[in-house]
Structures are given as C-alpha cells and as structure tokens.
Amino acid sequence: MLREIGLFIMIALFSTSAVLLYLPKINPFSTSCSMDWIRLEESWILVEGVIVTNDLKLDITIDAKMWFNIHGGNVSVEKVYIYIIPEEAYKKKYKLLKTLDKNEVKRTLESIAIKYAEMEREYLSSWQTEVSDIRLEAPLVFTAFIEGDFKNYLNQSRTSSPVPPAIFFTPDFCVSVKAKANIGLAQLSRMLDIAVIGTIAFIIGDLKSENSWFRKLFSKLRILKSKQAQAE
Amino acid sequence: MDALSFVDVSKKFGNKYALKNVTFSIPRGATAGLLGPNGAGKTTSIKIAVGILKRTSGEVKILNLDPWANEEEARQKIGVLHEKPIYPLGVRVIDLLNHLARLKGVNRRDVKMVLDLTGLKEYANARIRMLSRGFVQRLGLAQALLGDPEILLLDEPTANLDPIARIEILNLINNLRKELSLTIIISSHIIPELQKVCNYAVFIGNGKILDYGPMGELASRYQVGTIFKVYALQPRRVAASIIEEEYVESIEIHESFLKVRIKAGYSKNLENKVIESGAEKIELLTANLEEIYKKAVAYAS
Amino acid sequence: MQVKSLIHANFITRILFKEFIISMTVLSIIQAFFLSLMLPSIAISLRPYSYHIHFSPSPKLLAPVISITSYIYGIIAVIAAAQIASEIERGDAALYLSFPISRLSYIFSWIIAAIVFPSVMYFLSLSIPLLIIEPKLLFGIGGEELLLIVLQVSTSAIISFLAAIILKRRAFALAVGMFEYIILPFIFTFIIALLSSYLSYTGQSFTSSNIWWFAILYPYNYYLFFDYLGVKWFEAACVNIPFLLFILAFLIIYTKRYFEAG
C-alpha cells in the first residue's frame, strides 16, 4: 500500500501543479461598494473606499474592476480618479485628508498610492476602469476622487433641517475583485519536498512489495544487456 | 487421531438439508475418495471441513481441531483445491503464490518448490488469465501444497479438463501421494479416476453417508474382487504357484512384482499362499470401486 | 490478526489498483481545480472601509470544495466496499479463506482496502494542494470538516459492506450503498422540511433537537446545513460515532458467528 500511496502523492502533486500553473483567472469572485464619502466639497468628492484584505495571508494577485455611478441629484461629474493605497499608508493620512484642499488631497493620494488611474466614462452617469496583477501582500484600499459640480447638493446638505434634502444623491463606487494564488519559490520548494516524500514512499513500498516494478525493470534491463552482449 | 472426522453433522441451506446426520472418519496417511453423484454433498462436506461453511449441527474435527472455531490453526495444516477455483486473472502466478505463501507464513523457497512440483516453473511470470485450464488446475494444486500441509483436500481436481490434462493431474496426484506423506482426500464423481489413487473411500448420496472404510474392508463387506501387488525376487515362480488357485481371476507379471486380481473374501488365502511361495511383500492395490459403490448404494436404498 | 489483515489488504489494493488510481486521479484533479478556484475567494474579503470587521477563519472553510468532491470519494468507497460481495459470489473468497487467515482478518483487510485506503487518498488529495498553496491552511482549519466527511463516508461504506457480506450479491450491496449515500439524504431533507413547516404551523420553534437524528447517518451534512441552528461539529460527531461503532460491532459479531464464504 505504501507504493500506491507514494504514487498517489505524486499524482496529486502533478494535478495540483498543472492546475495551479495553468488555471486562468476566471470569474469575478467578490464585489463591494462604498456609498460614503470622506470629503464632500463644491467641486470634488473623496469617496471613503473599499478595503480588500488577504485574510489567510496567501500569496495572491488580483485583478480589479471598478465602476462609479451617480444616482439622482442635480449634480455633474467631470472626472473620476481611482487610487489603490496600502491600508497602513491610508490610515496614516486619513485624518490629514479631511483637512487638505483639493490639489493637496490629490497629491497626497498620488504619493501613497501603488497605482492610480483615471476612470473612463461609459455612459452618461457611469465610469469604469480595470487594473490587473496587483499583488495583495497587505490590505489595500480602493478609493475614488471625483471632480465635478456638487454645489446644489452641498447647499442642501448643509441646511440644518430635520427633513432630508429633497435632492437625493449617492455616489456608488464599487470594486469587483478576481483573485489568483501565485506560485512562488515557497510553493515550488514545497512541491519539491512533497515530490521527494512521494518518491521515497514509492521506492520503499515498491522494493518491499512482492511484485516490485523496479526489480522487474532491472531484470528486464539485465536480459536486454545480456542479449546485446550475446549479439556482439 | 483421525485426519478428518464428522460426527452427526448436518448442514441446512434455508429449509433444505445438504447434509443430514453425516458420520465418517478418514485416518491419517490415507488417500481417500469422497465419492457420490452431483449434489450429493461432497463439496459441502469439504467446505465444512475447511471452515468456510458453518455446520448446522454436529461435530467436525480436522487433525483434532474444530475448523470453524480454530480456523487459522486448522488451515495452517491443510491445503485445499476447490471445485472450479477462481483466481484474480490479472495477477501473475508467482505473485498470487507469494501472497498466499505470506498468509501461510512460508517463504519464497516454498513457492519455488511447489512451482517445480507442479510443473509451473516456466509459467511463474505469466498472468493467470493466460493459463490453460490444465495449468490453472496445476496452479490450484500448487497453492494447496504451500506450507507442507498435512492434509490435502481436492474437490473435483479433474473437472472441466480434457483427457490429457486429466491424466496429467492424476499422475501428479499419484506422485504427490508417493513422494509426500500426506493424507489426501479427493472428492469426485468419476470412479475410474478415484480407483487409480485411493485406498480409502467414503460414499455419500443425497446428503447422507452410505458407507466408508479402507478399500480392502469395503471389498470384503460387499464381496467385491480386489487387486493385490505382490513383490518377489522371482515373480514368475510366485505366479506359477498361485495361478491354479480358483479364487485368482488374473495375474499381471512385471519385473519385480505381480498384480493379482482375486475374488472377494480370499485376501487371507492369497496372503498365505504368496508367502509360502517366497514373496517378499503383499499390499492391497485397489478393489473394484465401481462395484463396491453400486453395492453400497443398493444396500443403502 | 492485524498483520494478516494488512497483508491481504495490500493484495486487494493491488488487484483494485487500476480502478483506484484512475478514480483517485480524477478526484485529485477536481480537488486541485476547486481548491485553486475557491481558495482565493475564501482568502480575500472586501468591505466598505468604514465597516470594522475582524476576520476569524470560517469553520467551514473547505465546505464548497468538500461538498462537491466528497460525492466522488463516497461513491468510490461504496463501490469498493461492495466489491467484497463480488469476491464472495465468484468464489475468490473461498480461496483466501482456505488459508490461515481468520474470517475477521479477511473482513478487516477489506475494510482497510475499501474504506481506509480511499479515505487516506481523499485526505492526501485535499491536503497536498493546501500544503503547496499555504501549509497554514491545513493546520488552521481544525480538521472538523475532514473528520465529519470521513465519518459520513465511512458510515455509508460500512453499511454497503454489511449488505455485501450478508446478501453476498454485489448488485444488491451496491444498490443499498447508493440508496443510503445518494437518495436517502434527499428523503431525510424532505422530511425535515415537512417537520419544519409543521412546527412553524403549530407555533413551535424548529431547533437542532428536532433533527439531531439526521447526524446518525450524515454528520457532515447535518453540520453544514444546520449551522444556522447553532449546531456544533462535535455534536454531529457524537451522534454518528456511536452508530458507526454499533455497526462495526454488529459486523464483527456477524462475521465471527455467521459469515460463510461458500
């Protein structure tokens, strides 16, 4: 049975390796949206964002698709920028972002982001963009910086009234993530360890077995050799 | 201690009795034939003797062991060739024998020995599915001989074989009988084959024992002619002295012995006569088994 | 007894070798595929930044993978367990039982080859991908999911096995095993649904105490489906294990007293 177990270890190893190496990123797995903002000004909004965490500390690479929609309100949006920021850095600058002006916020975000891009307008009120091969070593925050005219909404929000503003406006910033486990040196070395264990189990099991494949192989080689010697 | 004894053994399958109050014994060293028609209960008896089937009632002892209660101990001392044996076809001959040898706690030398004994050496590395029926039976004998058994139980050893293969198997059994001091129990419905090898018989019919005993005794009991082997330095001289006796039916002269066929009930007379004539030894070869069996069946009914 | 069981189990494994390797290879590829597909999604979580949720590993981390691949594992075990009936029917069993191996050792050799061996293969097919991707996963999941699925499949296989040695017909044993493994869970689930409706109609609450009996045969399904009722994995195991031991005891007694291979 040890031989069969050893053989199976190698089959399982081969199957895993083949699947891990060639499995493409197939479908979006997770989506989350943020409808809150950190800053709401007349000409710009900083959305609070979505955090993506690697809870099992796997070596993972992600592709992310982000989109931004506006629903309702007498507002206009001109440009939307997305920023992908490590959570540590974001946390450190979080309070500061609440106090800086527009350009300073933009510069700060650009300085701490590992990637940033402008979103492309798809429809009248919809923007989207995609990024790929982002390594998820630490939690990442996906946030959006929106430029436009939000005067009307801002005035309404500022009036102190128990009744909600008549104009209803929500920025809908969503992130959808596809993830893939990476094969790095650590995985390769574990594969090698498992291959060695499987091979040892197979060899020991086979040599202990009555119908040893190795013994059959060696005897066939011996016969072949002696036939060759005879022919010579 | 008998090799095998059944005392009042019954075996029921559902409502039907395959064996009913069966009592017989087979002494050690005998080559016994278990004779009866198909469905008589021969195979059931053998399977109960091996401990594969559980008797419904009665007592069975094989080498003084209960084959059901002391199954491992009993099977350590016996070898069995079942009727129509089934082997895993994809396995090689040597691998099956090695595995069975391990179960019996014997080593590869033993396997090589049985392969030689049964003429399977050349086929050791062949897969079982490649063997002809004759060689499958040889394989059956080989596995039965593993571990130097004290008793060999052979259930229809020549079944489904062509005539040549039958002769080969019977010769093999005969040689085993001569070379190894075994108790051999052969179950068959083919009388001429048993005639050639057996010196003890158990007759079974419809799940009941009709009679059993050494051939000489059975021959006397049923008044059937017997064949003796007389060893002599001058066989012609001995032949000449007994040819005139009225109970002598025929004599076959060989180089160092005679085969003398006599009428029933004259064994003692022959013994005395041949010793007078200078013979060295006299031994019972066989009796006319068919005749004994017919008379036993007639008597039982 | 132990040694002879292992010797003969080795031999049985060799005879069933091709079938085992093919089925386990398929299983292994499917396991690797599903683990690779699902693990990243299990590993990552997304939420709005303002939501402060502390991650704690879900106890049913491998549920999506095990739910699918355990069907294959269970079918392999049930089919392998029913094979003993084939051996008895054909007459191979009489050959082996003519040698000094007790009936009990013979039966245990089949249990090792038909149930323990596939379980080891299943465990390897799951643990090798996990070990390669991240060893912490294997040691961090607690093993309760694996334990429950092994108990569940072993229960089904032993039932199939018992049917095989009593009925001595492979087709019947297979039918019993497949019915118990595939069809009966649906029937039980339907009964539970009816029970739940009835309790709700009569104003009573539906709790785990109404359905604990489901865990006798299906501890893993019980744990998976009724998590929302607060069932714990050890409750499922504690209901199943005595039943499994009872069946094993019955198997041992039956073998010693009644098992005939002729």
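Think of it as A, B and C in the order they're written, each chain with its own count starting at 1.
Operating definition for what follows: a contact is a pair of C-beta atoms (placed from the backbone, for glycine too) under 8 Å apart; a residue touches a chain by one contact, two chains touch by 3 or more.
For clarity, every value in this text was computed on a predicted model and none was experimentally measured.
Chemist: Does the chain-touch network form a line, ring, star, complete graph or other?
Modeler: Chain contacts: complete, every pair touches.
Chemist: Among the chains, which one keeps its Cα centre farthest from the Cα centre of subunit C?
Modeler: Comparing chain centres, B lies farthest from subunit C.
Chemist: Going by C-alpha centres, which chain would you call the most central?
Modeler: Going by the distance between chain centres and the overall C-alpha centre, it is C.
Chemist: Applying the document's contact definition, name the chain pair with more C-beta pairs in contact, A-C or A-B.
Modeler: A-C
Chemist: I'd like to verify one number: the distance from the centre of subunit B to the centre of subunit C, where each centre is the average of its C-alpha atoms, in whole angstrom.
Modeler: The answer is 49 Å.
Chemist: Per the centroid of Cα atoms for each chain, what is the distance between subunit A and subunit C, given in Å?
Modeler: 34
Chemist: Just how far, in Å, is the C-alpha centre of subunit B from the one of subunit A?
Modeler: From the centre of subunit A to the centre of subunit B is 79 Å.
Chemist: Can you tell me which residues of subunit B touch two or more of the remaining chains?
Modeler: Correct list: 95, 99, 102.
Chemist: Please set out, as single numbers or ranges, the residues of subunit A touching at least two other chains.
Modeler: Those would be 211.
Chemist: Indicate the residues of subunit C shared as contacts by at least two other chains.
Modeler: Within subunit C, residues 14 contact more than one other chain.
Chemist: Sort out for me which residues of subunit A touch subunit C in the complex.
Modeler: 1, 4-5, 7-9, 11-13, 15-20, 23, 26, 29-36, 48-60, 62, 136, 141, 143, 175, 177, 179-181, 187, 190-191, 194, 209, 211
Chemist: In their shared complex, at which residues does subunit C touch subunit A?
Modeler: Result: residues 6, 9-10, 13-14, 17, 20-21, 24-25, 28-29, 31-33, 36-37, 39-50, 55, 57, 117, 120-121, 124-125, 128-129, 131-137, 140 of subunit C touch subunit A.
Chemist: Taking the touch rule as given, give the residues of subunit B at its contact with subunit A in the complex, in rising order.
Modeler: So the residues of subunit B touching subunit A come out as 92, 94-95, 98-99, 102.
Chemist: Over in the complex, which subunit C residues touch subunit B? Could you list them?
Modeler: 4, 7-8, 11, 14-15, 90-92, 94-103, 258, 260-262
Chemist: In the complex formed with subunit C, which residues of subunit B make contact?
Modeler: Touching subunit C from subunit B are residues 44, 47, 50-54, 71-73, 75-76, 78-80, 82, 84-88, 90-91, 95, 99-100, 102-105, 143.
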